[in-house]
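Remarks on the structure that follows.
Labels A, B, C and D are assigned to the chains in the order they are written; within every chain, residues are numbered from 1.
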Amino acid sequence: MATAIIIGVGPDQGLGAQLCKRFAAEGLNILVAGRTKPALDAVVADIVAAGGRATAVVADATVEADIVALFDKAGADLELAIYNAGNNTPGKIIDMETGYFEQSWRVVCFGGFLFGREAVRRLVPKGFGSLLFTGASASLRGRSGYGAFNSSKAGLRTLAQAMAKEYAADGIHVGHVVVDGPIGGEKIMKRFPDAAGREERLISIAGIVDGFVFLHKQPRRAWSFELDVRTSQESW
Amino acid sequence: MATAIIIGVGPDQGLGAQLCKRFAAEGLNILVAGRTKPALDAVVADIVAAGGRATAVVADATVEADIVALFDKAGADLELAIYNAGNNTPGKIIDMETGYFEQSWRVVCFGGFLFGREAVRRLVPKGFGSLLFTGASASLRGRSGYGAFNSSKAGLRTLAQAMAKEYAADGIHVGHVVVDGPIGGEKIMKRFPDAAGREERLISIAGIVDGFVFLHKQPRRAWSFELDVRTSQESW
Amino acid sequence: MATAIIIGVGPDQGLGAQLCKRFAAEGLNILVAGRTKPALDAVVADIVAAGGRATAVVADATVEADIVALFDKAGADLELAIYNAGNNTPGKIIDMETGYFEQSWRVVCFGGFLFGREAVRRLVPKGFGSLLFTGASASLRGRSGYGAFNSSKAGLRTLAQAMAKEYAADGIHVGHVVVDGPIGGEKIMKRFPDAAGREERLISIAGIVDGFVFLHKQPRRAWSFELDVRTSQESW
Amino acid sequence: MATAIIIGVGPDQGLGAQLCKRFAAEGLNILVAGRTKPALDAVVADIVAAGGRATAVVADATVEADIVALFDKAGADLELAIYNAGNNTPGKIIDMETGYFEQSWRVVCFGGFLFGREAVRRLVPKGFGSLLFTGASASLRGRSGYGAFNSSKAGLRTLAQAMAKEYAADGIHVGHVVVDGPIGGEKIMKRFPDAAGREERLISIAGIVDGFVFLHKQPRRAWSFELDVRTSQESW
């Protein structure tokens, strides 16, 4: 059964969880990967209850052994791998601890390298499959107060672009979805109790997921590398 | 009945004609616009034969009165407008006639302004609708031998980006599809008899059309401005 | 005597006039070109009074015959050509007159084509020389309220980039200076009487001129195409 | 005496050493920093012999304590800091060792963070000074075979851009020089014995150094963030 690995899965109303549910509904077996077992289990339970197939895999995106084991678990049916790990890491450079800058890179960019490398190691021999990354407006330019996150996200995007070119002729579709603005998910709803009232300014998670599905289904004579997604209310 | 205007329609196996047929199949009434009546009529006949609805409108994309009349014909049901006019205009600047440079801009960029302006004049009062432009790799950078086309396409893309920002809050979704490479359509098949043998290197028209459909259907909390499309064999 | 053509010359405290004076001080004979004879004459008088050499040439940047005559006047000593014509053309697309959009392109981009073409026609046979363009932040992206100017400036920049690639091997250095923000010149001083008080936010004309001089003097084994210039107070 | 720290100094005919010599000739006291003591000593000896002032400081750009000590040594006279560390790290992602990818980032990007942070910690209280980074064409886009280097360099460039915006209002000028192509230095001359014969295709080190000097001397009402440098023979 065609299998997808999706890493960076957290709360149900987050992008990772909704990517899992949608691709399960599209008929793929999902390896639901992240750091928090109960969150993963909840996603798996919902998928199974809806008649789909999924397995929770606890994995730290920055730990090579975890990522190798995750891809080993997927086996020969792997057709889709999505790297959705990495949180925003704001802060001014002048005040920044060394470990904070490094950790930003480790989760956002280094984890993307480990994940991407293991994906192409499995997909290139098959000659097809998709490798998709979650980006942000931070991926495209530096901004005051976001140097660490900007640097890491730009590093990830440029890595993804290099991989897109490096493995296209092998039949591997590498894509990058630029999420430009706050997502209407659980994190933001909890932090800003008034968020529901300004929902028009929060990107629809289902809409972002549509973008990933669109990229995954593209025929190899019409691949997109990049897709930006924002609300009609966003300034850019 | 929801109506689309699609301008830049030529031979059946070209992007314009296939955009018309697909959006007709999606249930829209299509105004099939271009300069060559028989080509337009053929597209309309096919749409009608398939149970859809379409009307041929002879219009020159660079003539203001033609564009105003075209949009007047669409009336209040307009929901989608696609600007697909404009051919490549190669040539070195040192040898270039003034009229050639101007004509490149007139078809590629000025026509896009006329079309885009008339579209927002009709769509803004309704508060929704899509305005989509066909771009090219030429839209993104200058290249030796393509200065006129690069200049015109970059002018169109930047205009589209300004319009995307200017009318988003009014509910109008402006998008730009970057077609990166040769299209597997009639023009190229006729010019290069061996093209069929290297189909893998020619972008799938159906795949490009998928991109336009995807953009048009996005919810306003998850709009994309730009989508690049190329084959797995393209160097970029 | 090494000769420069500088077009887009207006008031003394403007970029065009200051470019003329600096390159005259650097030892070049200057053809001071623009539409307003008295302004050109004033610049020439100052240059001559300072011991330099200059001639006023009334020319409309959008008129082919004017531009050809201007380059004919420079003759075989031409070594530098600077295109500094073109004003900002704000306005929403929905309200814009067709002629306004066209005129924006004609001055900003089409004039740049005429000027650039005549420059390479004279410089390529010599095997050296610089062709420099004045850009703006508008050259780099579309923005609400500036669609016409953005489109024209992006068209000019991309043309310049194509020319840079097309004529580099012939020894012609094409460059583009992105002026990012308001210039501390006469226009702004007159419009905003308080401008002097916020001089720190207005780009130093002398500093911009430094950039043009720097580009012109670069050896051919170390050419820059683009230079951005802004004040330390600018948001970007 | 106004002091500069320049890190990433190697052989005499390399960019780092030539930056040291030029800024010493411009009257600055130079801290010549790198990993190889004899190379640093040779540069210092030449500077001193020419009447300048310089000190060799062995420092590993990736070691926090080294960088802190380096800036401590510069003391209150620091006015310029240049990060020139980092070599190309080619290789396909599919074959790449984890440590190789990490080390590429550590030297190219993480070292730039440490260096930049220490620089702004010293310069912001003074209210002026320049922080300049050496970039590459790799900084701008991903390319097959260069994923690690592309990712690291893009991470550095975006960090530099964020810092440029973050510290401009504090009077700190952050700049980034994009070296687009092979440099005509010792490394390449040794690897390719025929390099001298194709000198026209190798970027002039003196020309790159000119760019750094130009950026450092810009007045704060006319700062550039980025400068690209290439030969007239380069394809781009």
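Operating definition for what follows: a residue touches a chain if its C-beta (ideal position, glycine included) is under 8 Å from a C-beta of that chain, and two chains touch if they have at least 3 such contacts.
Quick caveat: nothing in here was measured; it's all calculated off a predicted structure.
Because chain C and chain D share one sequence, their contact can be compared position by position; here over half of the interface residue numbers appear on both sides. For the copy pair chain B and chain D, the superposing rotation over Cα atoms measures out at 180 degrees to the nearest 5.
Chain B and chain D have Cα centroids lying 45 Å from one another. The centroid of the Cα atoms in chain B and the matching centroid in chain C are 34 Å apart.
Shared contact sites, meaning residues of chain B that touch two or more other chains, fall at 165. Pairwise, the chains that make contact are A-B, A-D, B-C, C-D.
Residues 165, 168-169, 171, 173, 184, 199-200, 202-204, 206-208, 210-211, 214, 218-236 of chain A are the ones that touch chain B when the two sit in their complex. Remark: chain D residues 64, 92-94, 96, 98, 101-102, 105, 109-110, 113-114, 116-117, 120-121, 124, 141-148, 150-167 touch chain A in the complex.
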